[in-house]
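Quick heads-up: structures coming right below.
What follows is subunit A paired twice: with subunit B in the first complex and subunit C in the second.
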Partner chain A sequence: MDTRVISGSRAFSWKRFFMQWEWMLVLIFIAVNIMNMNLSEYYWSFDSLRDATMTFLDKAFIVLPMVLIIILGDIDISVASIVALSSVIMADLYNSGVPMPLAMLICLGVGLVCGFINGLLIVKFKELSSVIVTLATMIIYRGIAYILLEDQAAGKFPEWFSFLGWGYVGPVPFILIVFAVCAAVFIVLLHRTTFGRRVYAMGNNLTASRFSGIRVDRMKIIVFTLAGLMAAVTALFLTSRMGSTRPNVATGYELDVIAMVVLGGISTAGGKGRMIGAILAVFLIGFLRYGLGLVNVPAQVLLIILGLLLIVAVMLPKLKLSSLTRKPGR
Partner chain B sequence: MEPYVLELKAITKIFPGVKALSDVMFQLAPGEIHALMGENGAGKSTFIKIITGVHSPTEGEMYVNGQKVQFQNPNDAKRLGIAAIYQHVTCYPDLSVTENIFMGHEKVQKGTRRIRWGEMHKEAQKLLDDLGAKFSPRTLMGSLSVAEQQIVEIAKALSTDAKIIIMDEPTAALTKRESEELYRITERLRDRGASIIFISHRFEDMYRLASKVTVFRDGKYIGSWQVNEIDNKDLIVAMVGREITQLFPKTEAKLGDEVLRTDGLGRTGYFADISFSLRRGEILGFTGLVGAGRTEVFQSLFGIEAYDRGNVFVKGEPVRIDNPQQAMKLGIGYLPEDRQKQGLVLDWEISRNITLSALDRFVSKGSLDTAKEEEEAVRLAQKMNVKAPSIYHLVSSLSGGNQQKVVFAKLLTADLDILILDEPTKGVDVGAKSAIYEIISTLAGQGYGVIMISSEMPEMIGMCDRVAVMREGRITAMLGKGEVTQENILQAAMESRSPSEALAGVAKS
Partner chain C sequence: MAETKMAAKGLVNRPAEKQSLSAVVAKFRELGLLGFIIVLSLIVQLRNPSFLTLENMNDMITNTAILSILAVGMMLVIITRGIDLSIGATLALSGMIAALTVNAFPEVNPLIAILLGTAVGLVCGVVLGFLIAKMGILPIIATLGMMNVFRGLTFMASGGKWVSAHQMPVSFKAIATGSIFGINTLIVIAVVIYIVFYYFINHTRTGRQIYAVGSNPESAKISGIRNDRILWLVYSIMGGLSGLAGVLWVSKFASAQGDTAMGYELSVIAACVLGGVSIAGGSGKVSGVILGSILLGILNNALPLINVSPFWQTGIQGSIILIAVITNALVKRGVDRNNLMRRNI
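This part shows the complex of A and B:
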């Protein structure tokens, strides 16, 4: 047995530095770009790439809190329904005379409440997994949206509202700026605060977290409420870009979002992964879609490629654990 | 002379780092009820697992009906008619009694492999009738009481034609009436020709049922006696036996003010009437058999599962504790019994584990100050003498003793007055044990009020100023200085008393 007195210094290791999934994502990202450049001469230009970001960034807002949820070892599949419900309520209110800024605030409020309900149900019914709870609320929230709009489209928003989805600040799309700010906030929240540390602790060992005096129920409710709020942010940008809304908007977003998080190296077993990985995955998938779209690759093929990428993302950490890194022996 | 139905000779079992059994022997005569006794950790469970083929012995020989056998897996044991009925019934609550009885050896039609339900139900009914059970074999297992489930387990053993039946603390969760019923069934089994190994902590079980008793201690065979040859006192000595040779670095701490007092604390179904007080510098022991309710009392006091009766006073002030945060704010810390599941994040570094329960202390300008955090982690890890190359080592790579020291360090980051230590030396080797005793003694000397929960007699006697003994959710004795002896503890822990006698025991202290 090692009998040295414990020390507080850690040797820097290049191997450890490069043995991170995020570098793999960077490599794939570069590969995707090289491939796209060869596929289409229109791909590699500032304007083209800049405008591409506008088309895929809307759902990226949900990726941020979804990272927290999956680190907790939970999942939320109701987020797309929250997008639809908050979007529909906003349109409904505006069309019945509520001023647009107020309707937008209420949109955020609806998301907040939906997320809070998810969190509350998950904490109160511990025997139910979060998949089941959010499957139920997914159906309920979407159902309410259908009742409100009855499969109609609603829109005719004021002119300035389209700025959210289409506007620029100087040369930079407005949505990119807002996303950058949100991403920075979430990175700090997860990696620099006690809140983030507690999220990791809960995902690793919920019982020990409870015994360590972490308010685990309250933490879970906050995280799910955050997801609801960010889903409503997505609703704002998505509605603005489309100019109108329907009860079936954002269908399938939850799976896209979860795919991005998993590709980003966040383990569905909980407790592991970093925010930057998921953000990289957002851009990776976004540019891949955009490039293949330029050369008219059918959407189905694209899905197959995404599926393969996901399998690699899930498999690789397992291979790495068994062959490359060995835990120091007992 | 008739051969023994089961005989074990010179059995030794070594697990990595632990010698669970050393040179143990055992003889079971036909038609005998043989009690096997010993303290927690004496090696009884390992012994059963060897007989039932779950573990194979490192050394030694085993004979069934005079034939030498070597079990590769539990099925080999089953085939020779050995069946075990465990303390915590292992059943399928959502299946019927019949399915539970025939799980793994269903009656099937030859050829089509169709399950022959009618026949199985009929046979199950016959087994249950034999045992005097009053429920139908079609009942769901989960709707039965623990006692009834135990009868199903026995029926299951009979359905495989078991000739050697091992019962592991079958009466632990039963009421007096239910135990009486179980005795009757056990005797009927014996009369039908089965031989029974009966493991129990209760003397009354042994005297009522067994004709022979074998005692294990610390993984060793101590002796076998005819039950009518040995009295209560000699049996206790046999079970505890050893002189306390371990070094307990207990120093006399000056007792200060009262920091904690409870008055009639209770939680329905778990414990009742728990009253005690604790002073600064004092080490108050809580002992009793596993399942006596010690852990439940203190998890309630720490806010894990709320108590529903009684009052708690911290430093004289009446308080109400509903969750661990409140408990820690009041200065109560809890070192959990299961350090791997409840105390540590195994996949984390030492440093992060140490600071987890007091993260708010390391915040500056809204974010975590990792430098400050690691500085504190190094200080505490050194103070606890954790042996590891650095604080960035994963906790999962440490030995049990060092893991426990990390949990102690974690406890000390928070600002506490009262430390509740639940089995602080469980699964820790002897060397690390005395290091942990030293830590505990130092902490008491610094003015912490310490509560130490343990099943190990020597450390209770060596470390504690006073010892409370619990049995079936109640304090049956509060032993003061000079009264803390093995005999007194075992007496209070094992023998049932009427409530008035129990009260007298408390009043005496």
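This part shows the complex of A and C:
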């Protein structure tokens, strides 16, 4: 039940292994797929599922660093605006004559800088919560995107750029391969390095972490910068898939991302959760949306479902926890 | 923070050199804000003489009325260390339901439409309050989730359609255009709300308990305050005010849409932060929030008048929020340092 990974010293038990939140997600995932299969006959085929991943994996890149941020006990609601800003700047530069590869690099750079600014502000002004800092930068980044592009759309990218969003390597979509690599990197980073251990430590007790010699400020800046960078990666894939960009692109992505992370069993109180849960949640929500989209469920109903899912996901562990604490000897 | 402010007030009789600059700023922050508003108005007036005309000022204050009603509610939420991102959606939902009702029953009294909208908002707020106070969900997560639910419900209630001016009876549209004693109704309603809330948070037990919960939740609990009830109450009030604002909004703009007031919560939070409501909880004044709303209202009104592209407004608003919260943080640091210095003597 305890999703903390610190339990390495305890003896292995099958019961505990199967009582994890991640198995619950697997069950829900299977249920969603069965439901979708019954809803639409077009759902269950290799081609359709493969192509569905291309439509929802772009925002999954932000989920990976968001797991770190929420384990830290913080939150970043500016990521969608970073996606918009880096995408708009890339398109603007390309249209004013900068070669595409350079524009793409600058796009990543913009994300990096935005994330770094978030981290710096949060560390320098400890009185301010990450909610309010990223709320302000969310408006500012989106505002800069509007200043740059006003109400226009920018596009006309070179032919090869669409490969990012639509290309295949053999039978596998390119975006899926990149996501798998990124996910592997983040899993190793969180669960197999001292960096990851420090993230958990800071999420559990920031003061104790500082006194045990963790450079908490630097850690926070790194994590928020990572989020900015991955938001820019999302911008690359999203822009490529859409073929053009606007200042209001990726609106509401922060909600999707946070919903996926929370559904993945990462506690908003910090210090708990695993990367694999969030990755499962990405596919769960992605396939749920895809399946409901196939049978023409309106976008507004999807909004309601997603919102309720987010609430239920945070509520469930709390309900279980309270029933557990009532048991004697626990 | 409430204590530090009181401590700062106690300083008046002491030698002046003991006060740091930021403590002085903290004491006169409303005056400073007022001064800034006056200077800003004069600058805009010099650039464009049509700014300080009676007509434009009336327009501006009417526009600010809805913002400030919401800001008063948001202040209570922020005082308890929370945040409510769902108010734009609550506003849209209650406005839409009120509009659909007057569309279906044109002879209904506008007062009933107002009550209906407020009730819808109240229900939204009660649900939110339950999730936050009783289930212990973080305010940002709960309101982010319910924002989408309310927004989705708005679209579903209207079937994605608009309710536009010609579908509303004149009596309903008259809520926002009518006047009481020669003053626009919106302004009258806003002023009544200021007075009620000024009394509520300064002179009633429950009002003071809101500050206590925000200043220090643990000690509030130990002193016998039921924190969860206070939180529940605060989000319900916020919901009720959003519902009221929803009806006023729809009446004023004579149109109810699915995306009414999208992102308006950010302006409301900006007004609170500008007005000196500390995001760390426990401090905030009605007078500050009113001034913060007026400042935002002036900016929204004045920027087009001095030929600033509307596309700059988002960026400017965000920068203002950031500067305001950072200034608040710096001022608080100064006040705390000042209190420490006094303790040494």
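What we mean here is this: the second predicted complex is superposed on the first by the 312 of 330 C-alpha atoms of A that agree within 3 Å, B and C clash if a C-alpha of one lies under 4 Å from a C-alpha of the other, contacts with A are read in each partner's own complex, and residues count from 1 in each chain.
One rule holds for everything that comes next: contacts are C-beta pairs under 8 Å (C-beta built on N, C-alpha and C of every residue); 3 or more make two chains touch, one makes a residue touch a chain.
These numbers were taken from a predicted model, which means no experiment stands behind them.
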Practice task
Would you check which partner chain A:A208 touches, where first means subunit B only, second means subunit C only, and both and neither mean what they say?
Solution key: first
Problem - subunit B versus subunit C as contact partner of A:I30, first or second or both or neither - result: neither
Practice task
Classify the contacts of A:G271 with the two partner chains as first (subunit B alone), second (subunit C alone), both, or neither.
Solution key: first
Problem - Touching partner for A:V131 - first (subunit B), second (subunit C), both, neither - result: second
Practice task
Name the contact category of A:R198: first (subunit B only), second (subunit C only), both, or neither.
Solution key: first
Problem - Per-residue touch tally on subunit A - higher for subunit B or for subunit C - result: C
Exercise for the section: For A:L102, decide between first (touching subunit B), second (touching subunit C), both and neither. Expected result: neither
Exercise for the section: Could you look at A:R142 and tell me whether it touches subunit B, subunit C, both or neither (first, second, both, neither)? Expected result: second
Practice task
Starting from the residues of subunit A touching subunit B, keep only those that also touch subunit C in the other complex, and list them.
Solution key: none
Completion exercise
Listed in rising order, the residues of subunit A that touch subunit B in the complex are 1-10, 188, 192-194, 197-198, 201, 204-205, 207-215, 271, 327-330
Practice task
Enumerate the contact residues on subunit C facing subunit A in the complex.
Solution key: 83, 131, 135-138, 140-142, 144-149, 151-153, 155-156, 160, 258, 266, 269, 273, 279-280, 309, 311-319, 321-322, 325-326, 328-329, 332-333
Fill in the blank from the handout: Residue positions on subunit A within touch of subunit C in the complex are 75, 77, 121, 125, 127-129, 131-133, 135-144, 146-147, 150-151, 254-255, 258-259, 262, 268, 298, 300-304, 306-308, 310-311, 314-315, 318
Exercise for the section: Could you pull out which subunit B residues touch subunit A in their complex? Expected result: 302, 304, 323-325, 327-328, 334, 336, 341-348, 350-352, 356-357, 359-360, 362-363, 366-368, 374-375, 377-378, 381-382, 386-394, 396-397, 399, 410, 414
